[in-house]
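Note that chain A is present in both complexes that follow, paired respectively with chain B and with chain C.
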Partner chain A sequence: MSALSPSVAGLRAAFGDAIGRALVACGDTVVVLDRARVHDVLRWLRDEPGQGFDYLVDITAVEYRDPERPLEVVWNLRALARRADLRLKVELDPAGPLEVPTCTDLWKGADWLEREVWDMFGIRFAGHPDLRRILMWETYAEGHPLRKDFPLRGHFSRAEQVRQALGTSMEGHYALPSDLDVEEYA
Partner chain B sequence: MSTRTVELELATPSVDALGRPVRAPLRARPRIGHGHYDEDFGAEQMLVNIGPQHPATHGVLRLLVELEGEVVRRVVPHIGYLHSGFEKLGEYRHYNQLIPLTDRTDYLAPMSNNVCLALAAEKLLGIEVTERCAVLRVIACEMSRIISHLVWLGTTGIDLGAFTPFLWAFQERERIYDLQEAWTGARLTTSVTRVGGMMADVPEGWERGLRDFCRGFPRTLDEIDRMFTRNAIWCGRTQGVGAIPAAEAVNYSLSGPMLRASGVAYDVRRDRPYLGYETYDFDIPVGEHGDIYDRYLVRLEEMRQSTRILEQALDRLERLRGAPLNVSDPRLILPPKSRAMSDMEAMIFHFKQVMEGVKPPAGEAYVGIENPKGELGYYLVSDGTAKPVRWRIRPPSFINLAALPRLCEGALLSDVIAINASVDIVMGEIDR
Partner chain C sequence: MELNDAPGGAEVAAVSPSFVTTRLDFLANWARANSLWPMPFGTACCAIEFMATAASRFDLARFGMERMSFSPRQADVLICAGRLPFKLAPVIRRIYDQMPQPKWVISMGACASSGGIFDNYAMVQGIDTVVPVDVYVPGCPPRPEGLMYGIMLLQKKIRGESLADAALRTERGVGPDGLYLPPPVIDELSEPFGNSVHQTRSA
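Let's look at the complex of A and B:
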């Protein structure tokens, strides 16, 4: 139950120093990676015959209440045929650039998940083809709601929120893919 | 040549000489590429807005559809209208206080959301629930699957012009809602689980009501089956429409009936068993074409299988009559009210639990369960306090909906409605 996934040894053999600590949390293996190698690791896990992590369960991020602790981006992978799961993490310094490489080229399903992490945490996914906000509207000016420095009721007062909501143009709310030109249809 | 004329060839051959249903060939609706010229509509490019307020978008979903003639070039979904910040709010709530929030995410299957949250918190705490509790939770999950699929079936039928099965489906759903109400006191906001147990046991004689339902429900399913499965209009509107092959379904992270309709036999209940699902006897229906029709068949069969599971669970419940429902840990489960009012110790535990909440050790746990719409995952991160640092909801219909632009490529505008219905979305969960 509490044994490390055998994939960890494979990862260490293939990527050496890029693989940080690995631990077992409630029965699931968690591996911390070097940010620069995330994409290579994900591709290797997906394509390497013995691994076969072909299914992306989820992408999310975690920020701890302790301001000293780094932000984490979390990938949950699954090998459907082997019924095995693996959780990967990258730690980001909140003061540094919040950016990790995209994996939309590996999994199409990553598209909206990465957009949500960007929207909620302000973590950019370099190379994402269409990194717009997804749950909040594009002109939303209060920041990224799931960050711990974001108050539960938002940064702005209720009066300011109402003023902004009434003042914006409706179409300003909707960001469109960069190659879709609404004017063309006007 | 218009595609509509090809489609009419489907009218009769859906039953063979022996009366068995025959699948219409997939070529019934050829995929049409860009630049297709339609005599009626020409090849003019248009931008059509559907929603956010539209009955066929199943909630507040806005679809911007780029058309060439009648053929869809691209769909751009806009979501977030129902965003309530549940994940943020969860960071300010005790674990048991998250349960009412889960009701409101996938509000078509509230009880199975409750179960998932309790399971995730229990995994963090490292506790096992009692056997009776596990059986009741299985009942809660399967009742949820049936009502959720019934709403799907009814509303999808309406989207495609069939009104009668909608009434049949909602009538059966009402019977489950009555049972839900008798058990939890609420029809929609059930909040039926607690960390370490259940909010309440089922009332006296309740099992009889569920047994009656299990007896009558398959008959309704047969009627729906007769109405839809060999119906030429239904086949024509659904077969070969919105199809996605297995490899792509996996690549898009689809789950639940959406994944299984494409031929990938992954069901969390069998492949990652929880609540003792491995000890129940049930089948997992798997489609092969990944089109709307197969999704329909998969969901229809899942309701039959859920009824089977419910019957087995009722037998076990009878055997476990009088067995303890909750774990016997006063730090997790509230003492009976009478003891809290008469016994000092019990009152202290009551007070501590209400004021301080359950405190799991620092750590993290991911629990995925087979919700009606796909794999619902709750990822809880704890720093040892009574409130989670992070409560991530892996929303199955959010991830399934992300594949909508791909499913609609090259389809006709009217198919967009059918395809969107077939994804089985619930906006409360997508927007959270």
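Let's look at the complex of A and C:
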């Protein structure tokens, strides 16, 4: 097994108590962070010379079957030039507010990743410019499907699900933001 | 007449009428059954088998179906090849509504017919809860031979239709409640069966 990533020591030096435990899982370094400092840590890892984690691979979340364990939001980073990976986690109390800061200002690609986490887990990303559902349609009313308290077949009866799927207009499922500027996205 | 010039042609011409009599039903059904234009609605691996069916080895053109109609307005038979999520339910319903009569629907594969292994929150449990279905083709996915057998069953069904029977062409649109079937029927059609009754451990 490979050793802990050298970035962990740098993180501890720069952020002190905001960096929790760090461990190696299957050769990858996992660092648990304080929720309040997530954005600072991500910016530091991206911009600090010698770190250079310039590629956001994925944002996802985990809920464990054990109800005692907290929800985790996971960021997978990669430094393309150094060929190094780092995985960051923030633990959230399921009873508390499920909210972490957005990193869409650091990586534009975080937009849809964060929308997917919101859609599937109901974790909000504070400061996200357009936090709508992305996999389920926007008027979906049954909740967040990947949460453990979500029944496999959904909350509603099949007839109600078909009714809701057929009853609403397709155009209503996918509202575009009214200020969508094609030039800006081009 | 050139028939008379052939050897024995005069005898043949003497006994052959220059017209045929048939029933209008037979003629219309013959024409319809042998020129079905499919509207492919492929969402999953069944669509791969459907493509194989249309390609040269199995050659769907033998049944008058070589002309895929990617516009529903020129299509006769909607072939739903693959699983249908609830997100696509209004899409297939609109495609079906846009198809002109006469029209038929083939539900290809386990997922389209019953939801298959996907007995979960996202999947329609059989497209017959969304549009009326004429032929169900089992399989996961069905082999091209299976799909062709289903198509031939549909042709057989078409040959048995009657132009006088208006009920065949009666549209059952989506009602004001957003459904075309009563809710208890949809619930019954969607009930878990087979292996999917054991899938609720995490529920």
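In this text, the second predicted complex is superposed on the first by the 177 of 186 C-alpha atoms of A that agree within 3 Å, B and C clash if a C-alpha of one lies under 4 Å from a C-alpha of the other, contacts with A are read in each partner's own complex, and residues count from 1 in each chain.
The rule we apply is simple: a contact is a pair of C-beta atoms (placed from the backbone, for glycine too) under 8 Å apart; a residue touches a chain by one contact, two chains touch by 3 or more.
Remember, it's a predicted structure, so these values are computed and weren't measured experimentally.
Considered on the superposed chain A, chain B and chain C are sterically compatible, since they fit side by side. Angle at chain A between chain B and chain C, computed from CA centres in the superposed arrangement: 50 degrees, to the nearest 10. Touch criterion not met for A:P94: it reaches neither chain B nor chain C. Which of chain B and chain C touches more residues of chain A is settled by the count: it is B. Once chain A of one complex is fitted onto chain A of the other, the partner contacts of A:G127 are absent, as it touches neither chain B nor chain C. Of the two partner chains, neither chain B nor chain C is touched by A:G10. Applying the stated contact rule after C-alpha superposition, one finds that A:D28 touches chain B and leaves chain C untouched.
In the superposition on chain A, A:V162 contacts chain C only, with no contact to chain B. By the document's definition of touching, both partners, chain B and chain C, reach A:W137.
When the two complexes are overlaid on their common chain A, residue A:P145 makes contact with chain B and with chain C alike.
Here the smallest spacing between CA atoms of chain B and those of chain C, following superposition, is 5 Å.
On chain A, the surface touched by chain B in one complex and the surface touched by chain C in the other have residues 65, 136-137, 145, 150, 152 in common.
Chain B meets chain A in the complex at residues 45-47, 62, 64, 66, 74, 76, 78-80, 83, 85, 87-89, 92, 123-124, 126, 248, 250-254, 264, 266, 271-272, 363-366, 368, 375, 377, 379, 381, 383, 389-390, 392, 394, 398-399, 401-403, 406, 431-432. If you check the complex, the residues on chain C that touch chain A are 86-87, 89-91, 93-94, 119-122, 124-125, 129-130, 174, 177-180, 183-184, 186-187, 189-190, 192, 199-200, 202-203. Those residues of chain A lying in contact with chain C across their complex are 65, 136-137, 142, 145, 148, 150-154, 157-170, 173.
On the chain A side of its complex with chain B, the touching residues are 25-28, 30, 54-58, 60, 62-66, 74, 76, 80, 83, 85, 87, 107-113, 116, 120, 134-137, 145-146, 150, 152, 174, 176-177, 180, 182, 184-185.
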